[in-house]
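Each of the next two complexes has chain A plus one other chain: chain B in the first, chain C in the second.
Presenting the complex of A and B:
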């Protein structure tokens, strides 16, 4: 009867034992998955130590700098259509509603964006003077205060703006010059001279040649001779 | 001719009206002065040129205004070729050199000239007319030693420099 008792006990015990065994396997699997996750995490960390991908902005900037160095293929007052097949058309034909480029590049929304002339746009950079003004490098700002695009002549945007820069660091004297001028879609140039009735002291010329409307190469010039007094690389604020 | 005269008068009054302003000794004027001054110092033996040049200026000044001679007594003006006087002319030319090379930085130039003005204030007997004469001698001799000499630029800048050095003198 002793054996009988054992069998009885075993029969009574077998249910919880199986459950525990099952739980044991589950735990085991979980531990295994945890280890895999840990390994993966370590691998990810290892991977993140390598340098990041180059962002599109840097690539675009580099491409445009190379492009600028390649020089203009077009004669004066002409600009490129873009695209794979080079073609030049007059600056006056850009964004006028009529496709003049073979690939229609002169009417593409990217080229014809008015972003550069949006009222309130400010282009700021540290100006280095090579003449006209004797001062150490300081901030100069070109701000657009008004813009108008005439229906019957769409390839220019007429703008008004202000050029200002700090002349004295200690008492923060700021010189301001009201300007007016235009932006041309083909050449991406914002060209401004003195406002009507003001003294012809300075003009500003900004080239948006970095592939976007947030960066420009600006110059403070003499309005008559276009002699460059100062230049600055401008960011939009 | 009349037009030129009127223009010159205008320019001069401009300089007087707004000292240190853009028109008087403008950025371009300063660059021209620095560039032309640079031509004198190409050689390694520039100290000899400086001493010689300074000696000529001071002796010419003493010739025109005999009353400055006693002022230079303690640097031994009686022996212009001597070491004491040579060292002094060297010092003066170096100060001039410093002022010209500081033209790019108006604030520092102002301080440097202020310091020079203080140094001349304590020398009793130094007069404003002496500086006026030095200006004349300087322009005359620079026109001789420099191949390129833009007198308008030099004059407009030196009016300011000498004027500031002499600004703390009483007469």
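Presenting the complex of A and C:
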């Protein structure tokens, strides 16, 4: 009888004890996890102190700058097909709907992007003059005002635009020159000379050689000799 | 009355001289020398012109079945395209030697006679040339001068 009572008491008493013991373990485990989290956080803090990964844009820019320094791979009037096997084809054959490169690179969507010629695009940078104009470095802007691509000759986009730059910082005199010319998909060059019937003073040449259509290396040139008067690195706005 | 007719004739002669005049001819000659180029570049220049022609007038390909007009990259067609530019080169270079130019145009007219080439094909050729040329030259070219002098050459070949 007594034994029976003991067993009964023990059974009644062991329930809350087990629960407490269970709670105890849980708390302990939580504390352990908290510590791990804390350690991990500290590790992350430590890690974030190191410099970040280089973004894709910078890598692309660097690759293109190295590529530009490697020198022209193709003769005049020719451009590269891209890809692993080097091949040059005529600038007259890019993006005309017929594959001329062995890898079809001359018709790839990236090469054939008309982004550079979108109406309203402005290419702006600080022009440093090496001739033609006696002026301190100042902003120069090339703006596309019209563009047309003929469906029977698609390798070139014919464009109209304006070149303007400030010649006096104090009274804000701005010179503008209406231009006309073209953009070629193969060479990624925007080449513009004086608009018909205007005095042939300046032309503009922008080379999109930095891997995208938002940055270009532009020159203000004499339209006849292509003598470089000024040079600027342009951003698109 | 006779004087009047003579006067009228002079005006007509002058009007003709205005189209592809002496100075325009010299301009076209020098610009052609820059565009006509050399080597592989010349082949591609010729081919670009023909692609632009066929893009405008697809039916014109039928006239060139003998020289594989269906594929402008075919060596036989490239040879043909270079022959055409060769003929154009002769006429342009003779623009300032009237007698020789007339003889060459008469020769080309005989070669094209009987092929029933519609005027629109010559127009397509002109449009093609007038677009590929500035692309090839890149700068400094005179569309009017080229238009005038091409018309002179094309009309000589058409015979009217």
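Everything that follows uses one rule, which is that the second predicted complex is superposed on the first by the 215 of 237 C-alpha atoms of A that agree within 3 Å, B and C clash if a C-alpha of one lies under 4 Å from a C-alpha of the other, contacts with A are read in each partner's own complex, and residues count from 1 in each chain.
Throughout what follows, contacts are C-beta pairs under 8 Å (C-beta built on N, C-alpha and C of every residue); 3 or more make two chains touch, one makes a residue touch a chain.
The structure presented is a predicted model; accordingly, all values stated were derived computationally and were not measured.
Undergrad: Mind telling me which of the two, chain B or chain C, contacts the most residues of chain A?
TA: Between chain B and chain C, the winner on chain A residue contacts is C.
Undergrad: State whether A:132 touches chain B only (first), chain C only (second), both chains, or neither.
TA: In the superposed model, A:132 contacts chain B only, not chain C.
Undergrad: Could you look at A:145 and tell me whether it touches chain B, chain C, both or neither (first, second, both, neither)?
TA: Neither: A:145 stays clear of chain B and chain C.
Undergrad: Let me test your reading of the model: by the given contact rule, A:122 touches which partner, first (chain B), second (chain C), both or neither?
TA: It touches nothing on chain B or chain C.
Undergrad: Looking at the overlay, what does A:209 touch: chain B (first), chain C (second), both, or neither?
TA: A:209 contacts neither chain B nor chain C.
Undergrad: Look at A:93 in the shared chain and tell me whether it touches chain B only, chain C only, both, or neither; answer first, second, both or neither.
TA: second
Undergrad: For A:156 in the superposed arrangement: first (chain B), second (chain C), both or neither?
TA: second
Undergrad: Residues of chain C touching chain A in their complex?
TA: Listed in rising order, the residues of chain C that touch chain A are 37, 40-41, 44-45, 47-48, 51-52, 55-56, 127-128, 131-132, 134-136, 138-140.
Undergrad: Residues of chain B touching chain A in their complex?
TA: Spelled out, the residues of chain B in touch with chain A are 22, 26-28, 30-31, 103-106.
Undergrad: Spell out the part of chain A that touches chain C in their complex, as residue ranges.
TA: Listed in rising order, the residues are 75-78, 89-93, 96, 98, 150-153, 155-156, 182, 184, 191, 193, 203, 223-224, 226.
Undergrad: Touching chain B in the complex: which residues of chain A?
TA: Within the complex, chain A touches chain B at residues 129, 131-136.
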